[in-house]
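Some structures are shown below for you to check.
First subunit A sits with subunit B, and in the next complex the same chain sits with subunit C.
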Partner chain A sequence: MTPFMGYFMLGSAFLLIISMALMLGRLLGGPTLYDRLLAVNSFGTKTVLFLCVFCFIIGRPDGVDIALLYALMNFIGTIAVLKFFNYQSLDVNLSAQKTAQKTAQSEDLS
Partner chain B sequence: MSLLFAAASETAHAAEQAVHVDWLGVFRTLGTLVSMATGLFFVLAGTIGVLRLPDFYTRLHAAGMTDTLGAELILLALMFQSDSIQMVLKLLLVAFFLLVTSPTATHAVAHAAYRAGLKPLLGEYRAPEIEEDGT
Partner chain C sequence: MSLFAAVAEPAFVVPTMLLDISFLALLVVVAFAIVRMRSLFGIVMLQGVYSLVSACWFVSLDAVDVAFTEAAVGAGVSTVLMLSAMLLADRKSTPVPMRRQVGALAVVVLAGMAMLYAVGDMSAYGDVHSAANSYVGMDYIAKTAEEIKIPNVVTAVLASYRGYDTFGETVVIFSAGLGVLLLLGLNGNSGRWVARPNGQMLNDHAAPSAGLATDNRSEEQRAEPDQ
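Presenting the complex of A and B:
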């Protein structure tokens, strides 16, 4: 990597950090829960990008594996938080959701 | 590939004593510059959109654009810079997972907000009412 490209990567990483810091503003001041979740998700994506650029800057591109892991963890975390706030529990089988609701309704009626 | 370029540069050298230009390097540098600049533009525009747009659903639009196009372009720029084919494959894997997971996460957040009854800011148009089965 030429020195010019190194400085360009450094500037790109700096802009990504600025973007992440701005996203923290929406995370802290979001009016609703969903704004915060959206900010967390977007922050995670930017973290993945920053990790990739940073690995290229320090000359050890093996760290892209960590970025891959972080992308998957970010997705699973978002879905888990959404499920928790939707059903008040993580112990819900989503495929059996409709039958569970119907049995609960019939029990309420009887 | 490098043999091909060496042969081409040798014939050019023999022909007219031409200056050796590393066309592959020029292509890689230009690709990196253009992709990275465009991707950073989309990422910063999406971030400013998330900060300044008035409503949750409009913010969702800005964030979704950031997570797909900006991320893919930045990863493409890194692919131009990588030295080995393993690196390119790893970056392709990251790009593929981002391309699959982030629209899914965006849709899940939007669907959860709509089911929870979060109303969008509206002008003349009125959104359809939420059905009983939540579809």
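Presenting the complex of A and C:
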């Protein structure tokens, strides 16, 4: 790796930290709950990106696997939070919920 | 890789330290925001962000396993647990009067000063004669391969040399998780509990977060009057 690449990656790591700070601003000032939720979600994405960049900075690209795990966990966590907000419980089968709503709508139409 | 073959020249150590410092600055901002904020949902989200930032910081300190635990437990599980606790309580915390904060501030300042005092006794980074690099730590590193026959020294210490210790920790964490599950009722009982914040009786209809949720109960449950 050339020194230019090294400084390029370091610069991108700093840019990622700056964008984390911007997300933090939205999180602090966000008027609605959903702004905050989106801010947290994209903060998680920034974490994943930083992890990838940092693994290449220290020259151990196998750390990208850990970044992949972070991405999966971020996704599952956001789904869990949204589900909890909608149904107040994690014990709701989402597919069953959808069919129940559909039947309710069709009853309303008839 | 050749980049870090050239790490010996100190020019490259400084930028990674700058990364650490900017993460610490973000952590300070998030911590102050958690203290100042009144909306409980915002606080829960900020706690998730706090553990994500500290996970990044741990990674840049080369402690990837700690970072992964922090992200899984801090940003994943405890966010959901905090949310389920929040659904049972008020949505905003009431501000604490200034005179009741003085004692807590004094305790925090004293503890911080004690920690700063203890920093002087810490051995230098990478010191050969430090406690971690002399007595039993070197024994673990030297003998793990022949005694336990697994390549990872940390796993050997956790699961074999200090197996009873780890067993006790597991029991503690298991009973804590059981208590949390019984309190919050994640098995579908959430919303049936009666909370009483500010002396006001709440059921699942009157809970502060009830407006956020759609009614997912069946028709006959909905027809039943509240207990």
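Here, the second predicted complex is superposed on the first by the 97 of 110 C-alpha atoms of A that agree within 3 Å, B and C clash if a C-alpha of one lies under 4 Å from a C-alpha of the other, contacts with A are read in each partner's own complex, and residues count from 1 in each chain.
In this section, a residue touches a chain if its C-beta (ideal position, glycine included) is under 8 Å from a C-beta of that chain, and two chains touch if they have at least 3 such contacts.
Quick caveat, the model's predicted, so the values are computed rather than measured.
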Which superposed partner A:A80 touches (first subunit B, second subunit C, both, neither): second
Touching partner for A:R36 - first (subunit B), second (subunit C), both, neither: second
Partner chain in contact with A:P3 - subunit B first, subunit C second, else both or neither: second
First, second, both or neither for A:S12, with subunit B first and subunit C second: first
Subunit B and subunit C footprints on subunit A, overlapping residues: 1-2, 5, 37, 39, 74, 85-86
Footprint of subunit B on subunit A - complex, ascending: 1-2, 5, 8-9, 12, 15-16, 18-19, 22-23, 25-26, 31-32, 34-35, 37-39, 41-42, 45-46, 48-49, 52-53, 56, 61, 64-65, 67-68, 71-72, 74-75, 78-79, 82, 85-86, 98
Of all residues in subunit C, those that touch subunit A in their complex: 1-4, 6, 12, 15-16, 18-19, 22-23, 26, 29-30, 33, 37, 41-42, 45-46, 48-49, 52-53, 55-56, 59-60, 62, 64, 67-68, 71-72, 75-76, 79-80, 83-84, 87, 186-188, 190-191, 204, 209-210, 212-214, 216
Interfacial residue positions of subunit A with respect to subunit C in the complex: 1-3, 5-6, 10, 13-14, 17, 20-21, 24, 27-28, 30, 33, 36-37, 39-40, 43-44, 47, 50-51, 54, 57-59, 63, 66, 69-70, 73-74, 76-77, 80-81, 84-92, 97
Parts of subunit B lying in touch with subunit A, wherever the complex brings them together: 29, 32-33, 36, 40, 43-44, 46-48, 50-51, 56, 59-60, 63, 66-67, 70-71, 74-75, 78, 81-83, 87, 90-91, 93-94, 97-98, 101-102, 104-106, 108-109, 112-113, 115-116, 118, 133
